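Please go over the structures that come below.
First subunit A sits with subunit B, and in the next complex the same chain sits with subunit C.
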Partner chain A sequence: MRKEIPQFIVLIAGVFMAMQFFVPHSYSQFLYRYALDWLIIIGIFALALAVWSFIRVSYEKIQRKADNWPYAVVSLAGLFTMVFAGLWFMGGLESYLYRHFFSFIMIPIQSTMYALLAFFIASAAYRAFRARSLLATVLLLAALVVMLRFNPFLGPLGEPIARLADWILNYPNLAAKRAIAMGIGLGIVATALKVILGIERGYMGKD
Partner chain B sequence: MEAIGVWTAALATIGIVSFLYKDNVLYRICESVFIGTSAGYWFVTYFWDNLYRKFYLGIQDATDPNRFFLWFGVVLGVLMLTRLWGKIGWLSRWPLAFVVGATAGLYMMTFFVSNAMRQVGATIMPIFRGNLPAIIDNTVLAVGVFCGLVYFFFSKEHRGLFGRASRVGIWILMITFGASFGYTVMSRMSLMLGRFDFLFGTWLGILP
Partner chain C sequence: MKRTMIALLLMAALTAAIGRAQENPAVDPVPAASPPAPPTNVVAADSPDDPGRSVTVRWQVSADDGAGMNNVIQYKVFRGEAAGGPFVERGVAPSRATVYVDKGTEAPNDPNFFPNNTDLFYKVAAVNVAGETAESEVAGPVQAREQWYNVGRTPTFIAVIVFTAFTLYFIARARKKADLYIRPLAGIEAVDEAIGRATEMGRPMLYVFGLGTASDIATIASVTILSRVAKKVAEYQTELIVPCYDPIVMTIAQETVKTAYYDAGRPDAYKEDSVYFVTQSQFAYVAAVNGTILRELPATNFYLGKFFAESLLLAETGALAGSIQISGTDEVAQIPFFVVACDYTLIGEELYAASAYLGREPKLMGSLKAQDYAKAIIIICAVAGVAASLFGWTWFVELFRVTN
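This part shows the complex of A and B:
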């Protein structure tokens, strides 16, 4: 009962969502539209569950005075401040405080974290790009050409390098990306079939 | 207030950059603030966009006679919360099963069309069309896709002609990985320049 019903729901929902592409009837389109809405509504409850779990884990960490517990206080303070700023009596998504927290805290931290990866990529590049084999050299040259693409200091070499970079991106790169995309597409079909037919049941957990 | 915002953003930027020296308190604080504010941000955004706009306003839309069907989504959502009560926690599998099944069915068709059929269709084309450079380009594309697929085909040993095609596939893949790497480095550098522009321009005002 605890496992059979979810499997049955997966089967019905999966078959319906796949089959509705072949049945452009108004009933089918009606159910499809509402199924998408249900997915969105379930999403907010799932997110609430995730936030609750985050609060509980942080609270327990603080209560136990576990290692680095003051950072859990900071995280919870950030969470509650953001939620408070985005509530209706503060103006919701248009709230001054909410927009400023987003622009002056979230965006700078996020973009700096991504920017920081440039340094780690540089150190990884040093290890990866030591041209130890012909294939590593090919990788190195392709990367160099793409990186030099918009370099304004190359003088007369600038244009041929830019054209070579465009060619690499439009032909060999596209060819491999297509092969990878086809593999991903067929892999998703196989995995989806395994899920719908009940062969893959990892989503149900262990008990 | 704007000045406080700029100072906060500058301190947050310096806090994250300080990780380059070593893991430190300022970095950890910025990281924790980011974790908390991100969770709050997505919760608030989903609340207003999904629960309020999709459900609350949808249920009040008198022009839609079928609007009460939206309640079914809420019932499934509430079942998701039963995970918080141990004894009836197994009920949360129902909405999860709906999400998993519906997504699997939807993705099965959309990815099959976009990633498999359309890509195959775009690759099967007349190669000997146009001038010599165009013919070379078309050949590289068709042979590259074929050899790339051969490389990923592991049901047959990569020997002989098949092995040579697989070898060409590796070359094409290496070019792609190099190009993707170069692209990623440039995008990260662009972000880094943006942050330095903010620090030295907007914050300190020493840039012209």
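This part shows the complex of A and C:
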């Protein structure tokens, strides 16, 4: 029964969620919204578990004096400081402290992480654009054409290169993307079917 | 002399008047001699394929729309519950428009409430520059009704039925005859090698789901792969690290890994802290996972699930740390980043097939065969569509059109 009951729930919920896509009736819409509300409720409980998991993992690292344990202290300090700054007697989420922590610590740090992407793109491009084989050479040439499209110093060559770059993006590139998207669509339906029919039960921890 | 003076004064006054007139030409509003011609042939019908609360109103434009002194600038759409009114303005359509979809809510107290199964009447008024209006004849009665089936999605419905039939057929066939050939995937073949490498090096393995939630099929596929990877990890007695972005995914992953260790006969080796929550902030998550990669130096990194801008940040850091990296995502825009930064990449649908490859169960392999046949049908339809377009057979293309 430990396996059958969850499988039955998955079957009913899965068939309903698939069918509701084709049924615009208000009963169907109501049940769909109801199911989404349940997802939110489960998410809230799971968030409590998740925060507890984070605190426990960090605390144990500190207690064991594991490698790099000071990072765990910083993580816990960050968590509790933000919670404290957002409490009602501090002014809630609109409090001076909370807004300043958010705007002048969180946002700049996140922007910095995002900015690293520029450097990583450069290093990844260096590896990808080495002409080691015929396919790699084709990739290199295609990438050069697409990048040159935005070069303002090409003079009379600018227009034909822009046309070639547009052709690469709109035909071979788009065709490949659509082929991948179709495969993904089929894969999604196949996986959903396997889960609904109980053929795939790995998500329950069982093969 | 006197006459000459009078003539000069008159000329000066006339010249001044003309000059002033040229400096400030009079802006006479275009006089609307009469209201514009009203729109004609107004028809109101229930909007199709919806849960009601909507009526589509169509009309033919006013004779004064687009030309003349009474140029129509917009159409006002009115609704009433009786042919004689009163009518309430429901919305405005621009000039040259011939359709307006009147929608509302189901909440009776909402000012925008739209009743279902109630007789409604519509009229459309043409409005000219001067603000004069001319109303059409009243159209109706019409009732907004909710439908049980979305006709516009019939092609999708047929495709789902056909594909489901394929899948069930091939699963049944695979159960009887278990020698279905499927082409090998390098990324999947490398899983055993990657786990073995981690064991030999005495380093952990990192498994990342990305930013997907539990309702993403990519995440569900990734969980099934984690289940099989965790079982092998338990058998090889290697350490597994699973930092999670989504709380629900974390609880599912914890249960999955725990059960995999039980199934492998190594419940004692399962560490509760191996699957843990980090944060729901995208770049804070990246920072935490990158920190883990650089501190723990995992031998193998799995990036399987839904990834966005963090894909390259994670994969490049893993490459710097010298880990073997196996990735897979259904986010088409992120696939190139994984291809350049990882050793093996599962492209698109291969992510969904990975579980079947790892499990090697006939019934799972059957679903892969169904996908192959479905792809063959799509290719045939695409070629037929190109031919139909060349010959002008639009009916063939229309067969596949999905609306709403």
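Keep in mind that, in the parts below, the second predicted complex is superposed on the first by the 171 of 207 C-alpha atoms of A that agree within 3 Å, B and C clash if a C-alpha of one lies under 4 Å from a C-alpha of the other, contacts with A are read in each partner's own complex, and residues count from 1 in each chain.
Going forward, a contact is a pair of C-beta atoms (placed from the backbone, for glycine too) under 8 Å apart; a residue touches a chain by one contact, two chains touch by 3 or more.
Predicted model, so just to flag it, every value in this text is computed and none were measured.
Q: Between subunit B and subunit C, whom does A:Ala125 touch in the aligned arrangement: first, second, both, or neither?
A: Both partners, subunit B and subunit C.
Q: Could you tell me if A:Phe54 is touching subunit B, subunit C, both of them or neither one (first, second, both, neither)?
A: both
Q: Contacts for A:Ile199 in the overlay, against subunit B (first) and subunit C (second): which applies, first, second, both or neither?
A: second
Q: Tell me the contact category for A:Tyr171 with respect to subunit B and subunit C: first, second, both or neither.
A: Touch partner of A:Tyr171: subunit B, not subunit C.
Q: Quick one: classify A:Asp67 as touching subunit B (first), subunit C (second), both or neither.
A: second
Q: Which one hits more subunit A residues, subunit B or subunit C?
A: B
Q: For A:Phe80, select first, second, both or neither according to whether it touches subunit B, subunit C, the two together, or no partner.
A: first
Q: Please work out whether A:Val23 is in contact with subunit B alone, subunit C alone, both, or neither, and reply first, second, both or neither.
A: second
Q: So which bits of subunit A does subunit B touch that subunit C touches too?
A: Dual-contact residues (subunit A): 18, 21, 39, 42-43, 46-47, 49-51, 54, 68, 71, 106, 109-110, 113-114, 116-117, 121, 125, 128, 177, 180-184, 186, 188-189, 191-193, 195, 203-205, 207.
Q: Within their complex, state which residues of subunit A touch subunit B.
A: For subunit A paired with subunit B, touching residues are 2-3, 5-7, 9-19, 21, 30, 34-35, 37-52, 54, 68, 71-72, 74-83, 85-87, 92-93, 96, 98, 100-119, 121-122, 125, 128, 135-136, 138-147, 149-150, 165, 167-186, 188-189, 191-193, 195-196, 203-205, 207.
Q: Given the complex with subunit A, which residues does subunit C contribute to the contact?
A: Residue list for subunit C touching subunit A: 49-52, 106, 146-150, 153, 156-157, 160, 163-164, 167, 171, 215, 217, 220-221, 223-228, 244, 247-248, 250-252, 255-260, 263, 273, 276-279, 281-284, 286-287, 291, 295, 309, 312-313, 315-316, 330, 332, 335, 337, 339-341, 347-353, 355, 359, 361, 363-364, 367-368, 370-371, 374-375, 378.
Q: If you look only at subunit A, which of its residues touch subunit C in the complex?
A: Within the complex, subunit A touches subunit C at residues 18, 21-26, 28-29, 39, 42-43, 46-47, 49-51, 53-54, 56-57, 60, 67-68, 71, 106, 109-110, 113-114, 116-117, 120-121, 123-125, 127-128, 177, 180-184, 186-195, 199-200, 202-207.
Q: For subunit B, which residues are in contact with subunit A within the complex?
A: Residues of subunit B touching subunit A: 1, 5-6, 8-10, 12-13, 15-17, 19-20, 28-48, 50-51, 54-55, 58, 66, 69-70, 72-74, 76-78, 80-81, 83-84, 90, 93-109, 111-112, 114-116, 119-120, 122-123, 137, 140-145, 147-149, 151-152, 169-186, 188-189, 191-192, 194-195, 198.
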